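Next up, some structures in structure tokens.
Both complexes below contain subunit A, partnered by subunit B and then by subunit C.
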Partner chain A sequence: MSTRRVERRPAAAVTITVLFFAWLYLPIAAVVLFSFNSVKSLSTFEGFSTRWYSDFFHDSTLITSLSASLLIASVAAVASLVLGTMLALGLDRVRSRSGRAVGAVTLMPLVTPEIVTGVAALLFFTGLSMKLSLVTVMLAEITFSIAYVTVIVRGRLAAMDPQVEEAARDLGCTPFQALRKVTLPTLVPALLGAGLLVFALVFDDFVLAFFTTGVDPQPLPVRIYSSIRFGVSPAINAVGTLMLAFSALLIVAALLLPRLFHRRSSSLDLITGGERR
Partner chain B sequence: MATDQAVRPGAQPEARPPRRRSGQRTRLWGTLLALPTAWIVGFFVASMVIVVLLSFGRTQADGKPVFGRTTANYEALWNDVYLQLFLRSLGYAVATTLICALIAYPVAYAIALYGGRYKNVLIAAIVVPFFASYLIRMYAWSALLSDEGIVNSAIKGTDLGDGVQFLNTPYAVIGGLVYGYIVFMILPVYASLERMDVSLIEAGKDLYHGPLRTFLAVTLPATRAGLFGGMLLVFLPALGDFVSAQLLGGPSTYMIGNLIQQQFLEGQNWPLGSAMTVSMMVALTLLMIFYLRGTSTRARELQ
Partner chain C sequence: MTTPQPAVTLRGLTKAFGPETVVDSVDLDIAPGEFFSLLGPSGCGKTTTLRMIAGFNDPTAGTIRVGGQDVTSTPAHKRDVNTVFQSYALFEHLDVRRNVGFGLRRKGIDRRTIDQRVGEALELVQLSDRAKDRPTQLSGGQRQRVALARALINRPQVLLLDEPLAALDLKLRRAMQLELQSIQREVGITFLFVTHDQDEALSMSDRIAIMNQGVIEQCGTPEHIYENPASVFAAGFIGTSNLMPGTFDNGAVQVCPELRVPLVGSNGLRPGDRVSVAIRPEKIWISELTPSMVQVPGTVVASSYHGATTQYLVDVAPGVTLTVLEQNLPRMSTGDRWTPGSRVQVGWLPEHTVLLT
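Our next item is the complex of A and B:
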């Protein structure tokens, strides 16, 4: 069936795809290129230099922001992984009406524009007289990330054979033992992938952090945003390149992880949930 | 719990165990559900309620927001300036959604049907930059299009003119939104094309003669769900966005997100900002209901 289909490729679709990739990567390539520029210009490349990078590593405010962002992302990834997995397991098994209602409510953060979540979190913390700090950013990011983990883990659970857990129960496991010894180990690749993805998303997240952060220390994206508003500069290009490279690495790792465990699985299972049973 | 099972003398072994098990289980799954649900209700739902409550509040003379029962904030929103800004945001978001569909469909189509063994690599090449820093990607555009950026210096270099002012135009803002959210359109369309039976296209070609008619009669209806889903996933964040208009636009291209952000972090009129947020959510919810109704009836008619 495929030989005839491939006889004539739709030239228009292929052209648009090529142009799309060029459009996608051109601005990113420009940022990376000019981060190595020896002069301040953003349009002419005078020579290779790493001065903007060494500026970054000698800027203590930026380094503090970087470690704040790493801390926020780690805490959010671990906490949302625990809560999101519990939620996914519960939703997968509780098929009652109330279970579905809970499912709908818990997915709300995914379809709510981020600015609304940000505003709501700001009012919530202020209402409780909590001082805005890294802790408030963490709490907001955890709440936001639970839904991501839940979607990924539920996709994986849907592809799992329920009989394996049944078998464990027949062999005398309690429900909790079956969960701990059979189901959770099967979920490990999906959990690692989801953790990495959430880490990358939270590390880069600007909007929620912007609304919930205190003054000092600020997460890296918030710090970058305030310097962008004063104009573009090669120093921002260097920070941006580092951030892009770091996140890209994390996401590639998240996509490739399932392959380490199952050689035949596709790298996109993390996003598409793998094949359904 | 072996002891549990031992204390069942005389029970019918076929009937009892499943029921016992499901009882034990439901308790376990219910326990698992409880904590995350409490977390989301405690933070997310409660914070949404506060926004709604504060939208009926007012700002005290000392600048502090207090709860109240006034509709003054909503009345203040009902004027030409705000309505125009809201319609502008709506227009930008609709334009973004349509442009995304026009670009994403051919890209997903080419990759799903002609990507061969590079399919996954190509999709990953799209996904990776999209999930890596939205802010930096918006910055990348503003650097490229700025008056002293590469594009303008190229134009000046070729004596075509004194350069073009890209920033502060609606095109730049919409372009930024498309660049920011198009992945949410590509992924669902790609997934639905992947699931589609390609022999349908074959059959369509025999039946309808011509690729365009085949596309309209076979491929498009088969991937409708992915396309409609993608449109929703692009429209929602695009309408609430404020980074694109902040970095690529200016006051003349501000969107509702910029206005909300100003009320909370610059203007310090929180009750008014809350009313804006609630209005936006109500508008979004209404649009979503109409949209989902419309798309599901159309899908039903086609069956």
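Our next item is the complex of A and C:
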């Protein structure tokens, strides 16, 4: 009888869930819909057209901004992955009190309001009289992203059996070879997940980019923001839809890539909480 | 030709973690081809001893020799020993075949030889059909065998096994015990087996060392240790024992005013020495006593039927209760069993009294 009761779905829960997702996704769906509008209205849909997409692809400043954002996100993902993984490995091996303190400090960027980080980065760069450019955006984004990588990789390391690395040494690996041949390959799903997460976060990050970017080229979110001030063009809807599609693609990649490596668990399980252990 | 070197020699091996001495000046010689068990309760230092031999922990003092060669300061990857870990510690990013071949690849052996030896090793542990599987696709028993094959394939001088069967259920554990024994005979490699399971140690080993609080209490064949425990701890840890503390006096041990246990020899004891005597439950008879036995009257306070045996608790003196294990022989009927309250005479042969000083 009690098993029966579990199967029955309470109507209230279903309703709330549907309303929640509607609230969450209907505005986004509207953006997608109006990106295909044939007229420049944001309230009435007249007919299907791809003119706003062609507008976007013919707007060289938007294209430049898109490539700038892609470049920033790639560099930030790779660099924070390398640095964050090194930090995670180090913290995992340090057992001292000071080591744990460093571990806690690492998490600071996750809880610091981004606007504070942004202002701080701006003051720092101008204090050093560095010219604001894509490089300063990258530096700020890398600094900010290391924490994400470290958290994800440390999570995976904590779940890892410490005897696995000993087994590698037992079978003839130097400590460095054990790291390269066993620990890092075991971390691949976590590394992929962390890399894609950082890429997605940085790609559409506005606040940090806004404070640290130079005049030209601007990262895409900053560029969109400035163009909205001169009136909203449906081309922005097209850009938004493309970014959405791209992000969705990244998530699918994060879910599928590990499967290509014959792994049962996906890197995104770390984020979605899909896997046990 | 020189005389064969012991596979493992430990001299004064000591490990301290901070103020706590976990392994305290252990001396041990393990012969080549021996199945040797380190047996003791958790925290007795047996695993730390094993880890020092493997090279994962540095000794605080003492030396480790493997095959006569001093390896005390040799890093783990250069020692000619391999380990089967309690958690198996398989490489989850590699399939079974590559897990097993890992050590040989590190040694730079050519691929054809590796493939051939991996095939042999998998055959030895009966996993030839799972070569392409990932460790996560295997059952606990199969993972255990992959771990064994992965270590054995390197033909080390000594194979170190750290409670490898602890995670298996009872039935599988029994099966793996037999399998381990036969594999060890087949390959002839010295096994150093760490366990807290006395049954496991007794049934598998050529010799056992009982460890307690960082020191080896006793070392010998399973039979010798069982029949002649050298300490109160050894007597209590291996099997069950009727342990009775008392005072030595005139060729006997006075357990209490009502109970006096005569000894065969007094080996240098002086009157008044505090000693203990131990008698195994199955060595005590409750019927068919013979005149040569030490005989004590008592009262049955409990009896429990275990199929092949019946266990009685017999009060023989105030505060002294003996556990008696009697075989249920074919000629006995249920009426032959004693019921609580029965007045009985229990007895044992004097040589079965073990004196513990």
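The definition used in the following text is that the second predicted complex is superposed on the first by the 247 of 277 C-alpha atoms of A that agree within 3 Å, B and C clash if a C-alpha of one lies under 4 Å from a C-alpha of the other, contacts with A are read in each partner's own complex, and residues count from 1 in each chain.
Criterion: a contact is a pair of C-beta atoms (placed from the backbone, for glycine too) under 8 Å apart; a residue touches a chain by one contact, two chains touch by 3 or more.
A quick note: this is a predicted structure, and the numbers were derived from the prediction, not measured.
By the touch criterion defined above, A:Arg169 reaches both subunit B and subunit C. In the overlay built on the shared chain, the residue A:Leu42 is in contact with subunit B alone; subunit C does not reach it. In the superposed model, A:Val188 lies in contact with subunit C only, and not with subunit B.
When the two complexes are superposed, the chain touching more residues of subunit A, out of subunit B and subunit C, is B. In the superposition on chain A, A:Asp161 makes contact with subunit C only, not with subunit B. In the superposition on chain A, contact is made by A:Phe34 with subunit B only, not with subunit C.
When the two complexes are overlaid on their common chain A, residue A:Leu81 makes contact with neither subunit B nor subunit C. Judged by the touch definition given at the top, the superposed model places A:Leu244 against subunit B, while subunit C stays out of reach.
Look at A:Gly99: by the touch rule set out above, it reaches subunit B but stays clear of subunit C. In the three-chain superposition model, subunit A touches both subunit B and subunit C at residues 169, 172, 174. If you check the complex, the residues on subunit A that touch subunit C are 161, 163-164, 166-174, 177, 182, 185-186, 188, 261-264.
Those residues of subunit B lying in contact with subunit A across their complex are 1-2, 21, 24-26, 28-30, 32-33, 35-37, 39-41, 43-48, 50-51, 54, 103, 106-107, 109-111, 113-114, 120, 123-129, 131-137, 139-144, 146, 148-150, 152-154, 179, 187, 191, 198-199, 201-202, 211, 236-237, 239-243, 246-247, 257, 260-261, 264-265, 270, 273-274, 277, 280-281, 284. Contacts from subunit C toward subunit A in the complex involve residues 54-56, 75-77, 81-83, 85-87, 89-94, 102-103, 106-107, 134, 136, 150-151, 154. Partner subunit B is touched in their complex by these residues of subunit A: 1-2, 4-6, 9-10, 12-14, 16-17, 20-21, 23-28, 30-31, 34, 41-44, 83-84, 86-87, 89-91, 93-94, 99, 102, 105-106, 108-109, 111-117, 119-124, 127, 139-140, 142-143, 146, 150, 169, 172, 174-176, 179, 197, 200-201, 204, 206-207, 210-211, 221, 224-225, 228-229, 232, 236-237, 240, 243-244, 247-248, 251-252, 255, 266-268, 271-272.
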